[in-house]
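Please see the structure below; I have some questions.
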Amino acid sequence: MMTAASLAQSPASSSLLEVEGVGKRFGGFIALDGINLSVAPGERVGLIGPNGSGKSTLVNCICGTLHNETGTVRFDGHSLNKLESHERTYRGIARSFQLPRPFVTMSVADNLRVPLLYAVHTRRGRHLTIEEADARCIELANSVGLGAKINKSPKDLTQIEMRKLELARAMAADPKLLIADESMAGLSDSEVGEIVEMLIKLNESGITIIMIEHIMRAVMTFSQRLVVLVSGKKIADGKPDDVIRNPEVERAYLGQ
Amino acid sequence: MNGMVQTLVRPTRRALLAAAAAVALFASGPAHAADPIKIGFSMALSGGLAANGKAALLAMQMWQEKVNAAGGLLGRQVQLVHYDDQSNPNTVPGIYTKLIDVDKVDLLVSPYGTNLMAPAMPIVMQKGFTYMGLFGVGVNDQFNYDRYFQIMPMGPKSAETIPDAFFAVAKTLNPAPKSVAIVGADAEFGKVNADSARKIAKAMGLKIVYDRSYPPSTVDFAPIVRAVQASQPDLVFLASYPTDTVGITRSIHEIGLKTRLIGGGPVGLQFAAIKTQLGPLINNMLGYELYVPAPTVKFPGIEEFVAAYQAKAVGQGVDPLGLYVPPFIYAAMEVMGQAVTKTGSLDQKALAKTLHDNTFSTVVGDVKFAPNGEWEKPRVLMVQYRNITGNGLDQFRKPDPYVILYPPQFKTGDVKEPFQSK
Amino acid sequence: MGVTTDLFINAIIAGILLGGFYAAVTIGISISFGILDIVNIAHPAFVILGSYIAYLLNVSLGIDPILASVVALPAFFALGMAVYQLYYSSFEKFGQEALRGLAFFFGLLFITEVVLILAFGVDYRYVHTPYIDTTLHFGFVDIPLRMLVPCVVALLLVVGLIIYLGRTFTGRAIMAVAQDQHALKFVSADPIKIKRIAFGISIATASIAGALLIVIQPVEPSVGREYIGRVFAICVLGGMQSLPGTLIGAMLLGIMESLTATFYGPSWAPAVAFGFLLLTLAFRPQGLFGR
Amino acid sequence: MKSPVFFLVWIVVAAIVFAFGLYLKNDYFFFAGYTVLQYVVLATGWNILGGYTGYVNFGSAAFFAMGAYASVVMHKVAPLPVPLLIIIGGIVSGLVGLGMGYLTLRLRGAFFAIATLALAVVLQTLIVNWDFVGGSRGAYIIRPNTLDIAGLQIPYIEYLFALMLILAVCALTVARIVERSRLGFGFATIRDDEVAAEACGVPTLRLKLMATTLSGALMGMAGAPFPYYIGYLQPSSAFGLEYAVNSIAMPMIGGTTSWVGPLIGAIVLGTLQQVATVTISSAVNLLIVGLLLTGFVIIAPNGILGLIHKFRGQSDADKVGRRVIRETP
């Protein structure tokens, strides 16, 4: 089986993801205002900001759920601007959703099978055999501790299990870049620790990860680098310890 | 594979049960000579044509009652076997095969209306039945079936009869009219009549200044009437359906349409509901009728029939006047009955021959069929409504509101022009 | 003044009058579909029900049909609340409203229609009022009261609802439901109760719309079907949640139908109106006046 | 069961049904059966879009009618054997479906449903105003009494019935193949969550176009032989409301997630309607559809199929899972 690590070997370009001057508005509301962001292969980046600061919009613009109006999103040296969401998934961007969005009429195994049958299938240009797919589903489910629930409906899962399914499904697409959008909201302290540990393990296997999070403890444990968005603008980008001492960041968080 | 065996085996018992039930559904007992004569048909008892269908059924039941009281046909009682076609042509083929193959009816009558009659034709022809048509226009033009008959007195060229009558009246105008507007509904009756009207108008050398059809869903007719007004026609030929007739008539008065003669084929004016709703608004409009209580139109038995019908109609939710549909449906049954008696058997071929060769006397007068099964001569009355005051029903039972302009043998007065909107 | 200008102005006026009536039929959909996100395709059937109630009261007691519809408002309101309760407890609660909810209202449409057929038959029914046969004339412009009265009543209805939704607590709560159901909990309002009231209002408007319909034309149980397409067209054109948008959308559709009927031939009027809707949906799914 | 085996098994079932009809020596069986089979095809076609991808099409009647009118056009231009007409009708309606798909690519939920309703009105208006196919006047299609196949005189209705039987088997086979393929898997993700599906690499727009095309084509095929069945085709009967209603009601009553659902729904509801037509025989007929539809969506949200699953006490996994992984991980 091909490891995610081997996929993450990126070509000559020094950064995996390059966001250049990306802007997006909804009617009169400016959601993103010329964002620049560059993520190197293997990095663990935390993305924070108050509610409505444009974090989710940025994720949506990177993943293709929304299309940016200005600027360029580059991945592996190629512009993604004209690509649909699923094409970006083929290229190696996977995401989890803020509110888990499982396929509710399918079992856990089938949820994991979807990226295998589409993203992985298209990238490889050939079918996975049933056995290959089954084996990979089991492997993925085990890796997030859902092995025992593989034939259950998502409706029967607890909240943390739902979060885990969300991450496992994103991983099933064999991504180079994983964007975890508030994967820990509503979880208990120990559960948060569990997820952070999982994400760090994934990163160690070679996957670049951007984590959007409100839970500062998780962000500080996880991030090698911290990016702060406020009102659609990037106001800080650097080492986590430096960033949280940045007066502008303090103002943005405490001033409201 | 286990599953497959299961699915193959398990339903067998159920399938057998279902098959048995199906045999029961499709099976029928043999006919005995003493059994009643079954007359089969589908009738619109729900859906858009139900008002007419219910009135028709009532007339048929009146006939059945009378015949059975007098000993039936060929010494056998008469039974009506009928199903509701819901005014939906798609149900008709199924119903007629059921009537023929399962119910084993002896005689067939058509459903009400062209759209519903036509789908039964291929089946009726295949089985060789004699087919008595009720209120259809030009169905046999396509099929050329020699056992098809039609009770509606539209004559051999049925599509042209109403426009013919209208323009025949128009010809009597002095000075002669120069232009005509044609307004028809986007459905079979409207289209057929508008097409014929166009042809006749061209032949008369009239200038067609407006010629449009409108969809059945039209709510507001003001734009149409205004466009007609703008084209300043001497004549306006209408071929509209009941709701539209009401909408158009109202719009005509609201806008103050000025023209010399208007009407022709507005469906709806034949029925009490629309007559009373519009009341004086239809004064001076031309409408076609099949029977009105005028002194020139006195067929033996018609007045008694209408009186009996009106007595029965109370509380049945059907047309309380019953001048249009019921007498002719009753007559259709009379014709069938007389033909059976004359033929002396239920042989379909012999029956068709009897129907072609003889004249039948009915409550709507003498009926003689042309080779294509239509009446030999058309007998549609072009009537100008007059003297209507208020919205009462009873005035329409009397001769006063109707002035017959055409055909000449029934004429009760001269045309009055111009058409004055109030 | 030329004949064409004359025709044009009259066509526009006829369109506005017709549009006013369309607005009355649509306003209920704008509340249920636009604001509450409930695809009530049975709404036209409720409108026809309103026509029959108005007819009954008019024939038996001689009340003016529009007045009769006002009398019937509470009954319709209650009916709407009951329907919503059933809808909520069967579908919305489980988040299954999309496909099944649609099918539910589809079924409701038929049930209402057939019940009317069984009760009244398929005959056309109509009402008598003095204004039906009266027409106002201003120069070359004719305004039949048969169309004007429904249009004015519809305008009053729409304006009344706009004021209600904008100025009262319940009204604002209803508008808030459209934005965010959970937000309502902060002002300690039960979103389900608010939605029930809103749906009740939506069905109550059908009572008035029904009376207007039977003033304009005779009614039989299945004529409601002809409005299903139109009302959703208007609602979408108007931008869903916006009641003024609904009014403008309705006028636009009325004018479009009227102009096509006058100048091009009435048989193309539905194609023009619905073609316009299709194009709007294809290129501007948020509606003409939506954001 | 492999698809060819499935097809053959059902062809055998079809042959038995046909033989049963011959044994009855009764045309009514063929006429009533034709209508039911026509609904099997229509409901199966609708379900590919409506059931599998969750996009509700209110315009089924338009697709049915386009198939029927394609036959009318061919009848006037160059009369062809009915099997060819079925293919042509399928192509025409498939193209209409593709066009509808393009026009409504970005519409979801109720907006899509309304757009299909609008499309049906536009198409009906076009047909009503197209004199070549009879316009609002309607078109007469005179069918021969019998068909001569290799010297055998086959009554035409038996021929139509047999064609519809084969078509129904084909439609079911196609539906089953789609359902169990990667494509069907993709359709199901669209039904559940389109955004999540895209994120998993499912090309939702392309899949939707495939669904609208395939669904449209099947519904058109159901309509293609109709002019020969009815003999006189009018826009109002070809665009009949019953097609729109039944094609939605039948899968909903049978169950929308599997090919079996529309089949069960069409047979149950279709037969019930046929029986009601010749027994209760009134507006109550429509009431039955309305009550069944509302009753089923309230009480049995997964249709008869769901009830069967419940009755058999199948586990949750069997119900939700397409493939159950048996080995303990």
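We just call them A, B, C and D in the order they show up, numbering each chain from 1.
One rule holds for everything that comes next: contacts are C-beta pairs under 8 Å (C-beta built on N, C-alpha and C of every residue); 3 or more make two chains touch, one makes a residue touch a chain.
Keep in mind that what you see is a predicted model, and the values were worked out from it rather than measured.
With steps allowed only between chains in touch, the distance from subunit C over to subunit D comes to 1.
Both subunit A and subunit B are touched by D. Look at where the CA atoms of subunit B average out and do the same for subunit D: the two points lie 35 Å apart. Centre-to-centre, using mean CA coordinates, subunit A is 42 Å away from subunit D. With each centre defined as the average position of its C-alpha atoms, the distance from subunit A to subunit C rounds to 46 Å. Under the contact definition stated at the top, not a single residue of subunit A touches 2 or more other chains.
Under the contact definition stated at the top, the residues of subunit D that touch 2 or more other chains are 125, 128-129, 283, 286. For subunit B, residues that reach two or more other chains under the stated contact definition are 46-47, 186, 213, 215. Every pair of chains meeting the touch criterion is listed here: A-D, B-C, B-D, C-D.
By the touch rule above, subunit D contacts subunit B in their complex via residues 1, 9, 20, 24, 26-32, 35, 125, 128-129, 135-138, 140, 142-143, 145, 155, 157, 229-232, 234, 236-237, 240, 242, 274-275, 277-278, 281-283, 285-286. Taken together, the subunit B residues at the contact with subunit C in this complex read 46-48, 50-51, 54, 186, 212-215, 217-220, 222-224, 226-227, 230, 242-243, 246-247, 250-251, 253-256, 273-274, 277, 281, 317, 391. Residues of subunit C that touch subunit B in their complex: 3, 6-7, 10-11, 14-15, 17-18, 21, 117, 121-124, 126, 128, 132-133, 135, 137, 142, 144, 146-147, 216-218, 220, 222-223, 226, 254, 257-259, 261-263, 265-267, 269-270.
Only residues 33, 39, 86, 90-91, 94, 96, 98-104, 106-111, 113-115, 117-118, 225, 228-229, 232-233, 236, 267-268, 270-271, 274-275, 277-278, 281-282, 285 of subunit C touch subunit D when the two sit together in their complex. Chain contact summary for the complex, subunit D toward subunit C: residues 50, 54, 56, 103-104, 106-107, 109-111, 113-115, 117-119, 121-122, 125-126, 128-129, 241, 245, 248-249, 252, 256, 283-284, 286-287, 289-295, 297-298, 301.
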